[in-house]
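Take a look at the structures below.
Next, two complexes with subunit A in common: one pairs it with subunit B, the other with subunit C.
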Partner chain A sequence: MVIEQQYFVKGGDFSRAGIASSETRKLLKQLGISPEKIRNIVIALYEAEMNIVAHAREGTIRISITRDSILMLLEDQGPGIPDIEQAMKEGFSTASSKVREMGFGAGMGLNNMKRNTDLLEITSTVGTGTTVRMINYF
Partner chain B sequence: MFRTQKYHAIQVDAEKCIGCIHCMKICPTEAIRVRNGLAEITGERCVDCGNCMRVCPTEAFYLLQDDLSLLGRYKYRVALFPSVLIGQFPEGVSDDQVYGALLKIGFTHLYEVEQPIQWMVEAYRDHHAAQSSQGPMISAFCPAIVRLIQIRYPSLIDRVMLINAPHDLAAHYALENLKAQGIDPEETGVFYIAPCSAKIAAVKNPLGEKESIVDGIINMNEIFNKVMAIVTADPGIATGEFRENLTREGILWCLPRGEARLFKRKSMAVDGVANVVKMLERMEMGEVPEVEFLELRACDQGCAGGIMVSGNRFLNVERLNRRSRKYPQAADHNPEGPSKKKVLQSLILHPIEPAYVFQLDKERGKAMEKLARINRLVHFLPAVDCGTCGTPGCRALAEDIVRGKASLQDCIFLQERSNRDDGSDLPALGKLERIWGSNRFNKSKREDTHEGF
Partner chain C sequence: MKISEVLELCNARLVCGDDRTGNEVLSAFSSDLMSDVLMLPAQKILLITGLCNIQTIRTAEMADIRCILFVRNKKASEEMKQLARENGLVIMETPFSLFRASGLLFARGLSPVY
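Then we have the complex of A and B:
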């Protein structure tokens, strides 16, 4: 059995950001997933969601929950990441000063995602967009 | 065995309840349903915040409490009460008058609970110094908040600072004092004059403690009325001895920033349960404020807005502020005593276990099936969250259906729709469509809007 959810994310809409992670958190609670696992999943997903809001024009988030795992697939249409390895380094950020003023873009995002997920895959095409695939096992 | 099961102090009076939906809609844990024309509280979800009592148009909620006649059973009768009790009285009524009235009512020993607050401050500082984890500690002062975290934000339960509230400080302090005077604990009755439902629940059935330390709970409203009747004709007597250890910080403890001020700028205070919910939601998403201490209170303006506190909360705050200036600062008044060590030890709580009351099923596979069914069901429901089905909203109805506690026929929109499907075009449907739009009565899928759990 798979439970699937889909969310649309609009770039630049910080006020509404976090819907996907908030909803997912509620579903996982109803399934009785442990608070520690939920915390990791939600932090990773929130970071990924914020990345779409901060950098891309728009994106889709697809969540698939099975008995033992959650797959989070985030696809965006945006600038893409030229050097993923460099972007993974702590403190690296291309966020605009406007975004930073709002308390985001400290350059911890990708790292934070990696720390909180069991499997992280990022593929990106410059000028087209980025796809993030994360899996967490319960 | 430490108590972890749910107990709640708020009860429904079947005579007064008119089965409207005010309480059901405002409950922060969706603990209320309307059944057989009456509000019904689910015990395991109720955190005793008192929101339902505030909005009830018929005052149909009451609290489990004890009668003043209970005083007659004891030779020594100790009253424990928070400083907000005093904050309710109009200007011109002195501390001596209120204390004198309490003695007249029948108490023999009076302890305003926030003393000696410096001991509490020490307990906070020790705890803070000993903690190793990153991020803010959350005060356990407000029992409604502790219970809210326990059931709705279990991932944050580790942040709750395991230190008791002032009523425990005062209770232990009082008992030790009386013992030192050679008074037999068997002959002593300890009564707590409670400002709210959450404190009643916490004192009657404390989380993270073996048993309650008090013998009875007295409604603050009742005491307020009785004291008011006495002070209007009574100049009062000298009662300063009871307030030897009362300080400025103690009087302000239960008001907004009362505890947070200890941690100066490295602290934050949030009051009002809706505001607290927003803060905790953010924290569960990993957005944790960069402070060392979080003071969270279920009532707007802290205990000055307690459900059993009379009068205007802002005036109560103002009066307590003014009163506090007449008392010394806590730092200048730190009584040492043989009982200090013992009292400090009794302030430490045992870890509080999270309670997963929103889990759909203990078995993961079954929980998933139920969740999938809820997701399907909500698409058929009208998403108006009208409450006519007796649940707080459409998603809550879907959840109740899956839990076997409700059925799709409970939804009046669906009833009208099935009437139309039967070919019976009722005039009532046309009227409803004019209000809610015809889409509500179509079977087409629509986006769900209600948040739910």
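Then we have the complex of A and C:
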């Protein structure tokens, strides 16, 4: 069994932010994945989706679900992250005031993605974009 | 604490979830920072917040929070109510401040998350 989904995410569109995560949550529920696993997966995915909306021009989210795992691949076209190690530090943030008004941008998202996933890989090219790869096992 | 008791203590108005006022919340968390809300442990939490936008509802959806109390007369928009209904959330609105609502509920025995 392999289920694949793809979502387009527009930078700056806060009203639609979270739709990919919400759809993924519904799908995982239908598949009978445990609530605790679903919670971890969608929290990580939502944080990553918000990062595209908050920082990038646009991006795509690809979800692949197999019998025992979910792969979440997020690729954006945006400013990139110059220093990933620094960005992973709790409290470090480059978020705009608009993002903070929405209750985000406290510099906790990347850490929370790590906490909630079995594998997190971030690669980034300044001026081009960022790719986030996350895997969770059921 | 039952949701009906939260409504009464905070002089709050029920906006969504008429059929759920008999449900219980085990603890409460007061914050306008959704990043903090996304780090909470999973349990039956009441979120008390002055941050009233669509992402408040989305955050509750992802974090499995079933009940939100908006303070200082913040009004949930139609879009927010629609999303809340789809996800089976209880939404309440109180004229009290974050501090006052939290204090009243704490004094009546509702536990903090941390």
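Operating definition for what follows: the second predicted complex is superposed on the first by the 138 of 138 C-alpha atoms of A that agree within 3 Å, B and C clash if a C-alpha of one lies under 4 Å from a C-alpha of the other, contacts with A are read in each partner's own complex, and residues count from 1 in each chain.
Please note the rule applied: contacts are C-beta pairs under 8 Å (C-beta built on N, C-alpha and C of every residue); 3 or more make two chains touch, one makes a residue touch a chain.
These numbers come from a predicted model, not from an experiment.
Undergrad: Of the two partner chains, subunit B (first) and subunit C (second), which one does A:1 touch, if any: first, second, both, or neither?
TA: In the superposition, A:1 touches subunit B alone.
Undergrad: Per the contact definition in the header, classify A:15: touching subunit B only (first), subunit C only (second), both, or neither.
TA: Once the two structures are laid over each other on A, A:15 reaches subunit C alone.
Undergrad: First (subunit B), second (subunit C), both or neither: which does A:25 touch?
TA: Both subunit B and subunit C are touched by A:25.
Undergrad: With both complexes superposed on chain A, which partner does A:127 reach: first (subunit B), second (subunit C), both or neither?
TA: Once the two structures are laid over each other on A, A:127 reaches no partner at all.
Undergrad: Scan A:42 for contacts with subunit B and subunit C and give back first, second, both or neither.
TA: both
Undergrad: Kindly classify A:109 by the partners it touches after superposition: subunit B alone (first), subunit C alone (second), both, or neither?
TA: After superposing on A, A:109 lies in contact with subunit C but is clear of subunit B.
Undergrad: Which parts of subunit A are in contact with subunit B and also with subunit C?
TA: 18, 21-22, 25, 35-36, 39, 42-43, 46-47, 112
Undergrad: Can you list the subunit A residues touching subunit B in their complex?
TA: By the definition above, subunit A touches subunit B via 1, 3, 5, 18, 21-22, 25-27, 29-32, 35-36, 38-39, 42-43, 46-47, 65, 67, 112, 138.
Undergrad: Looking at the complex, which residues from subunit B come into contact with subunit A?
TA: These residues of subunit B touch subunit A: 154-155, 157, 281, 284-287, 354, 356, 358-362, 364-365, 367-372, 375, 451-453.
Undergrad: Would you mind writing out the residues of subunit C in touch with subunit A in their complex?
TA: 32-39, 42, 51, 53-56, 58-59, 61-64, 79
Undergrad: If we count contacts the way the header does, which residues on subunit A are in touch with subunit C in the complex?
TA: 14-15, 17-18, 21-22, 25, 35-36, 39, 42-43, 46-47, 50, 102-109, 112, 115
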